[in-house]
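Each of the next two complexes has chain A plus one more chain, namely chain B in the first and chain C in the second.
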Partner chain A sequence: MTETQPKVLVVDDAATVRAYHSTLLTEAGFRVVQAANGLEAVETALTTPFDLFVVDVNMPKMNGYTFVETLRSDTVGTPAPVVMISTEDRPGDADRAYAAGANLYLVKPVPPERLVRIARLLTADRVAAR
Partner chain B sequence: MPEPPAVSADDLIRQLDDADPEARRVAALGLEGVAGAVEPLLDRVGAEEQPAVRDAMLTTLAGHDTDRVAAGLAVHLASEDAGLRTAAAEALAAMPVSVPALVPRLLEDPDHDVRMLCARVLADLPHPEALTWLAVMIKDDPHPNVVASAIDALLPSLGPEHAELLQRAVRRFPDDPFLRFTVEAALR
Partner chain C sequence: MNALLAQFLAEAADLLTQIDEGLLELERTPGDPELINDVFRAAHTLKGSSGLFDFPELTRLTHAAEDLLDAVRAGELPLDSGMTDDVLAAFDLIRGWLAHVTGSESLPPSAAADAAVLITRLRTPIGGEAAPEPTTVEPGRVPAWLAYVDEEWLAATAAWLRTTSSQMRFVRYVPDSGCFFRGEDPLHLIRQVPALAHLDVIEPIEWPADHDEYACLIGFVFAARAGAGEIGYLFRYVGDQIEVADLDGDAIQRYLSGETGEALKVAAPASGDDPDLVTEARAVLAAALHALTTNPTGSAHLISVANAITNAAHVLGDPVEIREPDVVTLTATVTRLLGDTPPPEEPEGPGSVDDGGQVGSRILKVDQAKVDHLMELAGELNVAKNSLPFLARAAEEEFGSRDLAQRIRDQHAGLHRIAEDLRAAVMDIRMLPLSVAFARLPRMIRDLGRRLGKDVELVVTGDDTMADKDVIEALADPLMHLVRNSLDHGVEPPGERRAAGKPATARITLDAIADGDAVLVDFADDGRGVDPARVRRTAYDKGLIGAVESRSLSDADALDLIFRPGFSTAEEISDLSGRGVGMDAVRAGVEKLGGTVTLRSEPGGGTSIRLRLPLSMAVTQVMVVSVGGQRFGIPVDLVAESVRVPAGEIGRVLHQDVVVLRGEVIPVVDLARVLEMPCRPDAAADRAIVIAGVAGQRVGLLVEQFHREVDVLLKPMEGLLAYADEFSGTALLGDGLVLLVLNLKEVLGLAARVG
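Then we have the complex of A and B:
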């Protein structure tokens, strides 16, 4: 593990989803930190810089949209890319995600190779700038 | 020092429409146990935009744990508002008296997102049949995301007796890598 490896915060209240996304990204060479809800994720993001956020929508305490809005607000103020991944594909969900400040909205299940490819694409500039 | 005059239930119900969110929150909490407040609270909870006020309304409503409240909250499982549907699921999970009668209908809901939220409700519902219903979802639900949510909900209670159930779920959805990962992790 080196400091040049991109660092990802995986935010999901489902332990199995957190483990799945974390395993995929870790095996692909990312450093991964996990949070079980938006509130926990905000606390983590306030103290640790991340290169990418992978965020669920439906979570207790603070849902994904509110978390992303908080990331983009002065409270955290990070420009790091955000991928929202939801089990839901209701009309308007993606619009809501983009309005909150997400860079990409995906519906589960996301094929493993696609998630890794997207994570690499979204973090490439930040890694190159180091 | 004289005690401040007690606020009547009617006053608190009127206060639910106050422009000040803190006044609405205090009113919602003050209506705990007031049967006549159920309909006014159900009328307002879906439109309330302040999460703290909405949570106070849901806390008071969940305390009633009646069929009327359960039915009134279950409709919000299909809400477009992620905060509302998640909060409604949390409130329903705290209603072990009235929610069980709703579960068969939720398990058959045509919206798979509602069935996924039903798995979340069952994860926290203190009821002896909750694990059985989750097993039914894993065994029969046609949507892999619902099955995965049910497995996640069952995780803290998983035992060797569930191995065949989980393996059968993987066989039903052989092309779903997440489901396979979830089951393999669970069986480890």
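Then we have the complex of A and C:
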């Protein structure tokens, strides 16, 4: 049954948050791969196709914005949905996220059922296509 | 340029600065683990990012520097100044490459050769060898060993590669059976492959019964998204054992010979009339609208937005079909979908479109051409506004309305203030801190100091003082000359300093301060100073001054001699500053900016040099001509050519002097007459005529004599002279003369009125 499950890349430098989001999504039937920063995530995204990206904003090495820009650039060029989740809510952050290529910008904490709902909503077409 | 590349270039510039600063700091506090770590991390990040592009030399060179720094970081060897030089040289080379990349999006052709030299040097301390080139890549052909790769994975990868029109790098690595005896570790190598996507092991069909466990009988086929340089470098010692093929989705698909990826089963997503899901769908739509306002250009982003809209629309029970997504269509679709259902309380996460006011300062990067254009417009506004006083006079004299004239004058006063404010505001945009001009000096002082065996410490103050970008940029060269001169001639070797009772480490201070509409940069060293007597003697020996002058000159005037071209106090010519770039270059550079240089010195007590520069500059190139014995400037961009014609060739057509030049009849205006200068006609002499293009017309300007073209700092006419429209401004010439620069448009208008 593995190939039928949508695949998610969870990118967050905080191991706890990463594990939390991963568990939620795994229990909801997604296959989850984790990355601890944008750079790691780029490497992973270059080698594996994903159906959804759940991305933190503030990370060392490569932050979430740059990672999403890279995802959307010709180098990776993936049209898969991107949800950015930020700890802080500063003015202009949402603008940056959307300009970078995000499809939804959320501020932590995101209620678990909400994250799952959104993940399912955004991957509906990709699952249906199989 | 690709946005990712632009991003990389910006990031790389920052990292290079960090590396430079870190290494210099490390020399002051050797062995500081945090500093080493910072430098290593910066190098590591640079290498990592460079791997995203096809700059194999860049990646390899950075990798070599990183490995050396890693060894230092691990405490395997201490960082000596030779190594520091090599690392600095490597990153200098990279900085040069990046400048090339900025222009051409490729590395310079010499990159491979230059990199090889430095890589060898960087690897020597860590016992490395020069990296041999990896075996050649098969161009586009599908190698037979692809059969070792799992087909299911290949199919999925092909499908994915086709959606992104990108390539995957496939590598076959068959280690030598005796590899273990040569210190090679195939497994370790494989583990090091960056962005490894897939790995298959080639095993012998049948393992020999008497298998020698010290012989390697297996091979590997793997797929990775690592750059060619990375793979080549990683397998540099076993280059003959690998084979590389770059394949795109189509090639793999062809290889699979029509075998399409198997249809995968559908997992039903949660959907339906869940009210929470409807809220989420609206949030997704609002976010899509937000994303669309950023005007996504990349197709990947646009498709993702379209998909998100499709999914949300499905949940809202109003399915839409988007064929070719574009911003306008998508925006209309989202607006309709959001409009059809009642808006919830909070359509999206915080930080939404109508985010109150912006907090904190936001930096906007603007193309310099735009600012320059704005500056021009502000200047034109200033000129245009000056027509109002004439209008006022006309109102009074021709239409007899003093009242209207007064109102026009009031308007002019108001407009004048705004125009001036605007000019000041635009100038302010161009302001940069002097730290930009100072940035290269610490490095330069360090390098020169080491070469000359002199210890020098640099103390900078006031580097946050602001000045115009052009001033800042033009200041860099004079400052470098000063540093060279100071280290070469001023600062004594440590032994001499100690003998003179000074600290062995010399000190150079650089202090910037704003002074009205000028900025003062004081450059001082505590070296041996300049001896006026020696200056006199040298100047006399070089024939710059006569015997009488050499005795009568005051000490201050004698010191000024060192700014004369051809002067150099150094007995031996060094490769630093002795070759024609003396203090005269500094003075010339500063005066070109409209500034001045003064020098004070105490023999034995050091030298201080003050540069006084205008805060802003607007350099105009003018051609100097003389008319009636006085010199005037004509903006060079209006001058088409200058010709001399015999007096007899100037004819007269319809009360207008004309000259026929290559069949073209050009009206000639006698500048002496227009400017009411004394006219000294010499019937026999040739006439000097400047052919200018003004408002689309070619006009000949009769002048007395042509002179050279000069760059001048044009200052607008002020006070009473502001109404002298026939001049666009004044400029100070190098010899102290004030040059009036003509406003040709007005001059010709005046000529028409004079008749």
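By definition in this document, the second predicted complex is superposed on the first by the 129 of 130 C-alpha atoms of A that agree within 3 Å, B and C clash if a C-alpha of one lies under 4 Å from a C-alpha of the other, contacts with A are read in each partner's own complex, and residues count from 1 in each chain.
In this text, a residue touches a chain if its C-beta (ideal position, glycine included) is under 8 Å from a C-beta of that chain, and two chains touch if they have at least 3 such contacts.
Not measured: the values here are computed from a predicted model.
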TODO: Please tell me, clash or fit, for chain B and chain C sharing chain A in the overlay.
DONE: clash
- [ ] Determine, for the superposed model, which of the two partners chain B and chain C contacts more residues of chain A.
- [x] C
TODO: Using the touch definition from the top, say if A:Pro109 reaches chain B (first), chain C (second), both or neither.
DONE: first
- [ ] Name the contact category of A:Thr78: first (chain B only), second (chain C only), both, or neither.
- [x] second
- [ ] Answer with first, second, both or neither: which of chain B and chain C does A:Ala19 touch in the superposed model?
- [x] first
Task: First (chain B), second (chain C), both or neither touched by A:Gly29 - done: second
Open item on the list: I'd like to know which partner A:Gly92 touches here: chain B for first, chain C for second, both or neither.
Closed with: both
Open item on the list: If we overlay the two complexes on their shared chain A, which of chain B and chain C does A:Thr66 touch? Say first, second, both or neither.
Closed with: both
Open item on the list: So in the superposed three-chain picture, is A:Leu52 touching just chain B, just chain C, both, or none of them (first/second/both/neither)?
Closed with: neither
- [ ] Determine, under the contact definition given at the top, whether A:Val10 touches first (chain B), second (chain C), both, or neither.
- [x] neither
Task: Stretch of chain C penetrating chain B in the combined three-chain arrangement, among 79-87, 205-213, 439-447 or 493-501 - done: 439-447
Open item on the list: After overlaying the two complexes on chain A, where does the chain B footprint on chain A coincide with the chain C footprint?
Closed with: 66, 90, 92
Task: chain A residues touching chain B - in the complex, by the definition given at the top - done: 14-17, 19-20, 23, 57-60, 63-66, 87-88, 90, 92, 96, 108-109, 111-112
Task: Of all residues in chain A, those that touch chain C in their complex - done: 1, 3-6, 29, 39, 42-43, 46-49, 61, 66, 69-82, 89-95, 98-99, 101-107, 113-114, 117-118, 120-128, 130
Open item on the list: Considering only the defined contacts, which chain B positions touch chain A in the complex?
Closed with: 51, 80, 82-83, 85-86, 90, 112-113, 116-117, 120, 144-145, 148-149, 151-152, 155, 176-179, 181-182, 185-186
TODO: Please name which positions on chain C make contact with chain A in the complex.
DONE: 2-4, 7, 45, 48-49, 52, 156, 160, 163-166, 194-198, 223-225, 263-271, 274, 276-277, 280-281, 283-284, 287-288, 290-291, 293-294, 296, 298-301, 303-305, 307-308, 310-312, 314-315, 348-352, 355-359, 362
